[in-house]
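Which chain is which? They are A, B, C and D, in the order written, and residues in each are numbered from 1.
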Amino acid sequence: MRYVKPESFEAAATLLRDETGISRILAGGTDVLVQLKAEMVEPDLMVDLKHLPGMREIVAEDGGFRIGAAVSGAQLGEHDAVKAMWPGVVEGVELIGSSQVQSRATMAGNLCTGSPAGDAVPAMVTAEAVARVQGPDGVRDVPVIDIPTGPGKNSLNKGEFITSIYLPARPAHAGDCYLRFIPRTEMDIAVSSAAVSLTLDEEGTVTDARIAIGAVAPTVRLVKDAGAALVGAKPDDAAIAAMVRAVEAACSPITDKRGTIEFRTKTAGVLAKRAALIAYGRAGGQL
Amino acid sequence: MKTIPVATTINGDETEFLCHADESLLDVLRDRLGLTGAKEGCGTGDCGACSVMMNGRLVCSCLVLGVETEGAEIETIEGMAKGDTLHPLQRVFLEEAALQCGICTPGILVAAKALLEKNPDPTDTEVRYWLAGNLCRCTGYDKIIKAVQTAAAEMRGA
Amino acid sequence: MAFDAQPTRKFNVVGTRVTRPDGVDKVTGKAAYGADISAPGMLHGRILRSPHAHARIVSIDTSEAEKLAGVKAVVTGADLAMPEDADFADVAINCLARDKALYDGHAVAAVAATSKAIAKQAIRLIKVEYDPLPHVTDVDAAMKPDAPVVQEGRALENVPAGMSQNVTTYCKFGHGDLDAGFAKADKIIERSFKTAATHQGYIEPQACMASLGNDGRGEVWCCTQGQYMVRANCAAALGVEESQLRITASEIGGGFGGKTSTFIEPVALALSRKSGKPVKIVMTRDEVLKATGPTISSSMDIKIGMTKDGRITAARGELRYSGGAYPNFTVEMGAQAAFAAYDLEAVETIGWNAMTNRPKEIPYRAPGAPTAIYAVESVVDELCQELGLDPLDVRLMNAADKGTLSSYGPTFNDIGLVATLEAAKAHPHYTAPLSENQGRGLSCGFWFNFGGNTCVSLNINDDGTVGVVEGNPDIGGSRASISMMAAEELGVPYDKVRTVIADTSSLGFNDITDGSRVTFAVGLATIEAARAAIKEMCRRVAKIWDIDEDAVIWEDGCAKPAGPNAGTHPPMTLAEIAAIAGNTGGPIAGHHEVNADGAGVSFGVHLCDTEVDPETGAVKILRYTVFQDAGKAVHPDYVEGQMQGGAVQGIGWALNEEYIYGEDGRLQNAAFLDYRIPVASDLPPIETVILEIPNPGHPYGVRGVGETPIVPPLAAIANAVSRAANVRLTELPMSPPRVLKAITG
Amino acid sequence: MVRVKLWGSLRTFADGEEWVEVEASNFKELLDALAEKHPGLAPQIKRGVSLALDGVIYREAWFTKIEPENEVILMPYMVGG
């Protein structure tokens, strides 16, 4: 394996495009090094990008924040302004792994690794976050939801990689929340998860709702029907019940060592309900 | 595969070593530098026994490549005591019997020190969640949590 | 061996909370564990493992691996001897398979190379031709007459004819008239239970460094619960004499029974013999979970009858255990322990062991008892619920006590169960208020405790300090407690004593560190060795004072004249006697060799509060209290530590830990990510209450404490969950999907 | 003579008897006498048995004295963790 620290994003893209063997990008390393240890992959080329400009920075931009692809969970969690604006996104990122893993794991890595159970992804989806992608032919912006395409797969082309993720400005009276279910209290992969982002009007009526669920389908899923079920009212029992039905209908999980189809489906609904009520409170709503 | 020269600082000492590109920091510490205080319990970041500090952050050294530490500051359990004076956490762990077999102890001490530097007055729940990535199979964690709190109180008073 | 009278002595050192002697090394990273040493010219060993649950090994072609630059040796099962003794043969075959791979992860071949990377590459160059065979991993399936046969011809003589050849062990215990007993019951409950195999989960993977020359002389450094056991297994597997192997036990990073067997040391020795170099093998976590020994998996039926006021009238249990791909006897211990806490007129327990295509079972803390007692204590609790009775009162009413004919045969003498139950009843935990979705459970636990073969050598040094040499790896502070007992007996301060663990060439045979035996048996031998040294010191002083030996007594660390007839002599301290030992006859030492008996059975009671999330099935442990009789707690901190650690292992067993096999018979969760041992944030403080009811079989009244604490949590939590969520789970682990399914139906 | 109690699954090899009487003054003599009187017990005795004497379990000690008034119970040989 060759280990390379390219001098620029462009050089990195070219290097990755021209590599004939297996290449991996090293951000936090919390997935790729595990794969190396398990002999699941033996890359010929490991490209470390953490030193490149902006990769470890969080900068305010157009009312939102641009978060470098190598910003760790711990670093993000220490940023009060991002946390205040998108608490659900930050709590999702902060749930990845242990304190040790938090020092390294990144939201971009969590996205690119393509796990349907990635804790950072659902709330990024409901926040309508956008990934900035560098490729051999230049830069493009891609909505986060379009990056993962299936377990372990993403839509990036050869030579492409994420340099930052943009969290847009949040309207007034808005709030988000991410919850996951794990068997223990820490150190597990999500068995099911849900993120909810709500915008309210002055009276507390929901005007916009986005709900995403994780670990219940090949990719994180944005459930439009579930969001629609909350719009136009306060999240009372009837609205919540309709939303939960929509969430459950959108689940197409598998039974495996971590959970059953029934369990994943049921808990995804429960988590969406609980996350919606928390997000509603964060948005200033009162039931 | 050729080895790569790396210059780093470990426990305050400038250290140079050669390693392969795919070698973990844990392997470098243990096999190349003789610093065997960090333990390999899993090699996949699930147990925390290999915890070290890298540039002021707590990491699993099994999830860091040796080559990534070029120019970095690394602190390991071997650097925790100053000469023959134990760090308060080390001393309290002994006094309060917060270890049985001791294999997880170096990682837990490094992690607990990192916590107290960030949060000198944590709640029990905060200590428990911070240390959730450090598995201990002997103690049931009870005496570990108590010892961290005793040391924290002492360090706040000092 | 005569037992001491019930001790009433006042202790000076025993019972205090001194600092352990190995502590500084362990908090500074200096302590050397199995993987922490290297040798000049050392090679790295690596093992190739079967990807099949069950397969005939048609051929193994190692030629390509041997050709790889840096590879110095390749070995297969053919490089190990085939011991005549079945137990030794099983160990050898488990270290390297012969004609069949018996489970996913079974070792098939091994290499030694100049680097880890080359060893890894070489493993892939070994070509193994497998002929996959039908497999079975479930115990009930394995007992069916048409099940795939794991090994042929292994059934014991007492197994009835016509059963599957997988059934190797049958046992039956009990007394009384069951039919009459059940006829007297007002309520009978019969339930079936299943429990998953769990792993000891020690954080330190097995590791060793081994060297064996063509002269037959060998050295092994390894993490083990018994260096003498490693020596015997290696000698048998390599066909060398025990005297030629010196085994040194490293510091050990947890064992819990899991390091009472041998997996890699014979392989490393074989590689070393072939390569002429020292070979180091360190297992990965994946290998530890796949190929070292988990506990049994079980399927059990329990039937208990009770009168409406709570008296148990009859009890019957049938236990079906699987200890993996080899015969074993764990079910005998489970069957004997199942009803041990009860005074029963009629009781019967039947046990079966069936082989499955799983790794060889290795004892795990009170082997066999936790699952059996889980099932029994669940049914007792359900009877209490059905009859509206207080579960603690019912246990007290039926508790085994002195004079009880135990369910496994003998009549109990002094046991501490009633006192332990009464302590639980009096504790504020038992009456603390609970909220919605919360429930309190309790369970009794039991373990036999053992003594066993023990050697201790105790040396009086010329500066008045004391060295104790013992042969049992210190797994949780035993060097401290051994030093304390030596100091107590000799009347010297604790810090004047240093205890070390001998290698196999430096001290006579010792049984493994198991059965909660070390503080009891090594302590006993240490006290006797100290008494021997005292006797010799008194003899020397008698010479100096020119009086009769019997006229010198030992008191407060000094030799003193015994009464007025002995004359007036100023007391001589141990240091004074030691300083002139050369003048009075030479160095002074004491030693003691014994196969210790009289360990004394142990009971514990656990109280547990849980909260169940009715929407997700998640179980949270809110409060946990352990009550246990320690006889005499030599070092209370480490007694508490055993109680807390055992309880938390039991909590893991109850809630999340399990071996998960796929349809293909392969283990699906061979990592700490999905083999879920409890983490710090899962748990509340574990409160402890130590009772001290002296064991008449030990000079200081010590009882082993290590194993009993893992027994009660399984049922304590199941009973608490039942009361919190109004559901009765009969399968472990009670993972959230199972709990939710039970709640929602 | 001492009376020794056999556990349930051993009784098949002792004509179904729960209690067996043999001439013995210690553990070793007891085992030898049992194996001689009931050869079907020999394989289990060879594999290992423990002896409970008035409630105290002895795993191996051959020369443990047995008096006629003792309660003598045979148990399987046991291991721990």
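One rule holds for everything that comes next: a contact is a pair of C-beta atoms (placed from the backbone, for glycine too) under 8 Å apart; a residue touches a chain by one contact, two chains touch by 3 or more.
Bear in mind that the values here come from a model prediction, so they are computed numbers and not experimental data.
Of the two interfaces, B-C and C-D, the higher number of touching C-beta pairs belongs to B-C. Centre-to-centre separation of chain A and chain D, using mean CA positions: 67 Å. Distance from the chain B centre to the chain C centre is 29 Å, each centre being the mean of its Cα atoms. Chain B and chain D, compared by their mean Cα positions, are separated by 55 Å. Between the Cα centres of chain C and chain D there is a gap of 26 Å. Within chain B, contacts with two or more other chains are made by residues 1, 20, 43-44, 46, 129, 131-134. Chain contacts: chain C has residues 200, 256, 284, 672-673, 678-679, 681 touching two or more partner chains. In chain A, the residues that reach two or more other chains under the touch definition are 37-38, 185-187.
A complete list of chain pairs in contact reads A-B, A-C, B-C, C-D. Interface residues of chain A, counted against chain C in their complex, comprise 37-39, 181, 183-189, 191, 256-260, 262-263, 266-267, 270. Chain C makes touch with chain A in their complex at residues 120, 284, 286, 615-618, 655-656, 660, 668-669, 672-674, 676, 678-679, 681-682, 735-737, 740-741, 744. Chain C meets chain B in the complex at residues 17, 19-20, 22-24, 26-33, 35-36, 38, 116-117, 200-205, 251-256, 282, 284-285, 475-477, 635, 637-638, 640-641, 644-649, 671-673, 677-681, 683, 685-686. The part of chain A that touches chain B in the complex is made up of residues 1-3, 26, 28-30, 33-34, 36-38, 46, 48, 72, 74, 97-101, 103-104, 185-187.
Listing the residues of chain B that touch chain A in their complex gives 1, 4, 20-22, 24, 43-46, 48, 51, 54, 57-60, 62-65, 67-68, 111, 114-115, 129-134.
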